[in-house]
Amino acid sequence: MLESDFQKQNRFFLNMGPQHPSTHGVLLIVLEMSGEYVLDPQPVLGFVHRMHEKMAESRPCGGFMPNTARMDYVCALPYNHGYVSLIERKTGIEVPKRAEYIRVITSELNRVASHLLWLGAYLLDLGAFTPILYGFDDREHILDILEDITGSRLTYCYYRFGGVYQDIDDKFVDATRAFIQRLRKRFVIYEKLVTKNIIFIKRTENIGIVSPDMALRYGMTGPNLRGSGIAYDVRKNEPYSVYPEFDFEVPVGAQGDCLDRYMVRIREMEQSLRIIEQALDRLPEGPVRAKVPKNIKLSPGDCNFAVEAARGELSYYLVGDGTSTPYRLKVRVPSYSNLSCLPELGRGILLPDLVSILGSFDLVIPEMDR
Amino acid sequence: METISILPPELIRMLIAVIIIISFLFLNAIMMGYLERKIAGHVQRRPGPMEVGFHGILQMVVDGVKLLGKELLIPFNVDRTLFRVAPLLSFTPVILPLLVIPFSEKLQARDLSLGLIFIVSMGSVNVMALLVAGWGSNNKYSMFGAMRAVAQSIAFEIPILLSMLAVVLMCNTFSLKEIVGAQQKIWFVVLQPVAFLIYVIAGVAETNRAPFDLPEAESELTAGFHTEYSGMGFSLFFIGEYTNMFIVASVATVLFLGGWHGPNLPYGEYLGVVWFFLKVYFLLFLMIMIRWTYPRVRFDQLLNFAWKYLVPFSFVNILITAVLVKL
Amino acid sequence: MAPETKNFKEDILFHEFNTTETDYNQRGYHLEVALEVNQVRKFAQKAYDEGFYLVFVTGFHVLSEETAEGTTSGLNGVYQFARYDRLYRIKGQVSVPEDMSLPSICDIYQGASWHERETRDLYGINFEGHPNLKPLLLSDEDRDFHPLLKEEKKLKSLEAVSWTPEALESVDADAKAPSSDSIDS
Amino acid sequence: MKQYFSEIYTGGKSLVEGLGVTFKALCQPIVTVQYPREEIDITPNYRGHIDLVLDPEKNTFLCISCGMCEKSCPSDCIKVKGKKMEGEKKKTLVLFELDFTKCSLCGTCVEVCPKDALEYSQEYNLAAFSREAFHFDILKRLEERRT
């Protein structure tokens, strides 16, 4: 039906972005359209390209820490986590147990915050205004908790090679426990307001179906992949830090539509809360920072470290040359691969569905552009 | 009929009515704008406008002044005539229906025997404004908005008419005054709950309010048909939308909620307006709450909803009503 | 709970290539594959058939060298693949010949399309067979500007940045003896 | 047909439930803070831009102008200058500038300082009309705090 003669003759281009409300920042999608049907969406990236990888090559490895938080500012701590773990793997620094626990707790809190923001932003894309404010209300609690120990609210620079910047206190533990209780109650509200809503279900069910094969060809990871029914989570499949010590599930969807991706994220928040609870219960005593040489030397050769960021697998690939400056640092960001399937996924769908798909991918543009 | 002879000539009466209605229309837009912001704020657990006046009560006045002072930007390459005409076109037809609405027993500018038909026909002119605005803007997003508005309006006009017809069948008149008069004992919402529901849903869609705000749909079409408008051009659309909401709510009040009827007040034939406004603003409150609760429906779902659910239900409803009335 | 890699015999999957097993705990991946230019597509096809997904395609810049086949361009293409169902990461590395071109794998892995466009932006590697090799991250005006190419004096030879057990130990020796002014916890 | 009606029922019910949530929220107190009118106390751990620590006993800075912070700063935004005063063995700090436009608040300078002479300020209301306003003279800020 899409390739009728009429539609072939009546194609036109529509620039969606870079200042479009639902491209979340500065993403341009050039849509070739026929009526309200999208025939060929081509994303154009690079509006906030800052060449972080070049910056990494021009300063000692410790100096790149603040940059990691600025790639994905919504979920900065896993980016910190990946980078410090990479350097620790490269140099063989042992991290105290307590520090690893703190890393896991804060990373998971940050993941929940990221998902809460996504929840609101997605509903905003679908035209509901209120959930984003509720999401922000909850997220604000996390930011307050994290601000208290990290000193910043968004672009954290909390982890250090061999540990964390400062120890957590009882106030943090109590606040986190209280927050978990609160969020569990709030899930009921989200379920009533959003998950069960018939309009929401109609807007997301059977929209933008990503088949497992398609996910593999595009290298999709994270909740977008798990929505397609593949239980791939770096925290489970490639355990790092102290994740193997916790009991948590990897939620998966059934067919890979927007609703599945939504449900995966919602259930992931619950799992994150479980991890945090277990970590708080078993929090070991001890130092939070190992002794590390002042001048960290990166041995020649390459090294890879993957962590699960809120949007999927984040890989750092480092080539060292014996000095303290990385010779080459490649950051493999999840959203980049996730979005690359859009030209295939968005063929022949309606414009509102494209907005729904974009929202369900949970894109953070500065992360893709780096 | 004695009262008419002591009234001023009909023309003066109409002029006064029009002046009152136009000033009320602006007042309503200001009030609705304020209410919408305040309710939206509290629904989202924030205070809403707080700075201008007591609890921000003058915020909308200030905004109005600001919009008046803004330049009416006319983008390059637009159809200048259509672009300028569209806001006026959206504004004028919403004044006229107010002339035939009976606010209380005696407060009615003109009681047309075909009042209901008049309102419906004026309501359809409004979509013309959206089409002209979208077409004249020379912007693809505006064009999408305009096309959606037309299809949506056509689809929802039918259930609106059919649900009205059910009421008309029950009291055998198109005159709004007589319809209210027929509800002296029992409101039609009790007798016609399905028609009432259909009317409210279709009315929300007719006024392009969320969750049926597809012509605007800011997450898809930036701002839809009024993307290119600024200053007064934009605010006329804005006033038009709120007045349209008011008309839909007052027609619902007249048809289903018993118009000015309520517990007796002194000077009931004039002060019935209090009950009327209470009912109207209750409905408007409901419409605002709906906007801040639900996501937007998709375009084809909207049309499906009209044709697959609203139209069959209203047909069945009419059939049953007709049979029962005949009995 | 942690997926055991020992039980799988992935390393034999790529027996037709020049593979080296690596220590996962030190390098973060399990198998290193040294590729020739004409093997790249075969390697990608093999990885796809075996159910690997593409992690990234990138490159890095070293000194060009004289080899038996001729002068290399100094650029190296790096491909990383991993699996969804179990823990196994492989890295393919290929030296880009002097004409600065590599075969494109974006018809096997569609996701490689963007990675290859990015690599062209940053290094100027021309991926032959790519249908749409337009700049992605950089703008069209910067077509011939490749930010990650290093200056002559900063370039090191491929050996200097390649992994050797000895190199690690020599650095380790420095690291294992923290100097007195190291930061206390 | 049965599905048609059950969908109307569940759909309608979900919509009413959603309306219930927002209506409940409408009646609950607000949770936001009217920012310029009210302010929340900021946590003592907040990491603003750096400041020199004022030694309460000597009523002066602790900085020995060793320049470690300057060297370790990944963004090159710190400028430290010491001068040997006559009759003193050690250098005295004469200039300490921070270019806050480049600073990424990583805190490396504070951690690297051998004398713990740097601290984080609690200031977050930072807004100005010019770029130059963010070239802080940290030493001058200390002089102002001096009693």
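Which chain is which? They are A, B, C and D, in the order written, and residues in each are numbered from 1.
Everything below uses one rule, namely that a residue touches a chain if its C-beta (ideal position, glycine included) is under 8 Å from a C-beta of that chain, and two chains touch if they have at least 3 such contacts.
Please read all numbers here as calculations on a predicted model, not as lab measurements.
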### Task
Tell me which chain's centre, taken as the mean of its C-alpha atoms, is farthest from chain D.
B
### Query
Does A-C or A-D have the larger number of C-beta pairs in contact?
A-C
### Query
Could you state the distance in Å from the CA-based centre of chain A to that of chain D?
25
### Query
Whole-Å distance, chain B centre to chain C centre, using C-alpha means?
64
### Task
Just give me the whole-number Å value for how far the CA centre of chain B lies from that of chain D.
50
## Note on the structure
Shared-interface residues of chain D (touching two or more other chains) are 15, 18, 21-22, 25, 31, 111
### Task
Could you list which residues of chain C touch at least two other chains?
181, 183
### Task
Give me the residues of chain B that touch two or more other chains.
43-46, 292-294
## Note on the structure
Note: in the complex, chain D contacts chain A through residues 7, 10-12, 14-15, 17-18, 20-22, 25, 31, 43, 45-47, 72-75, 104-108, 111, 120
### Message
Taking the touch rule as given, give the residues of chain A at its contact with chain C in the complex, in rising order.
### Response
44-46, 49, 51, 53-54, 57, 86, 89, 91-93, 96, 163, 215-220, 225, 230, 232, 236-239, 244, 287-294, 296-306, 313, 315, 317, 319-322, 327-328, 330, 332, 336-337, 340-341, 344, 369-370
### Summary
In the complex, chain C touches chain A at residues 1-3, 25-29, 48, 51, 53-56, 58, 60-61, 78, 80, 82, 84-87, 89, 91, 109-111, 113-115, 122, 135-139, 147-148, 150, 156, 160-164, 167-168, 170-172, 174-175, 178-179, 181-185
#### Entry: chain B-touching residues of chain D, taken from the complex the two chains share
8, 15, 18-19, 21-23, 25-26, 28-32, 34
### Query
In the complex formed with chain D, which residues of chain A make contact?
59-60, 62-67, 70, 130, 134, 137, 144, 147-152, 155, 157, 160, 165-166, 189, 192-194, 196-199
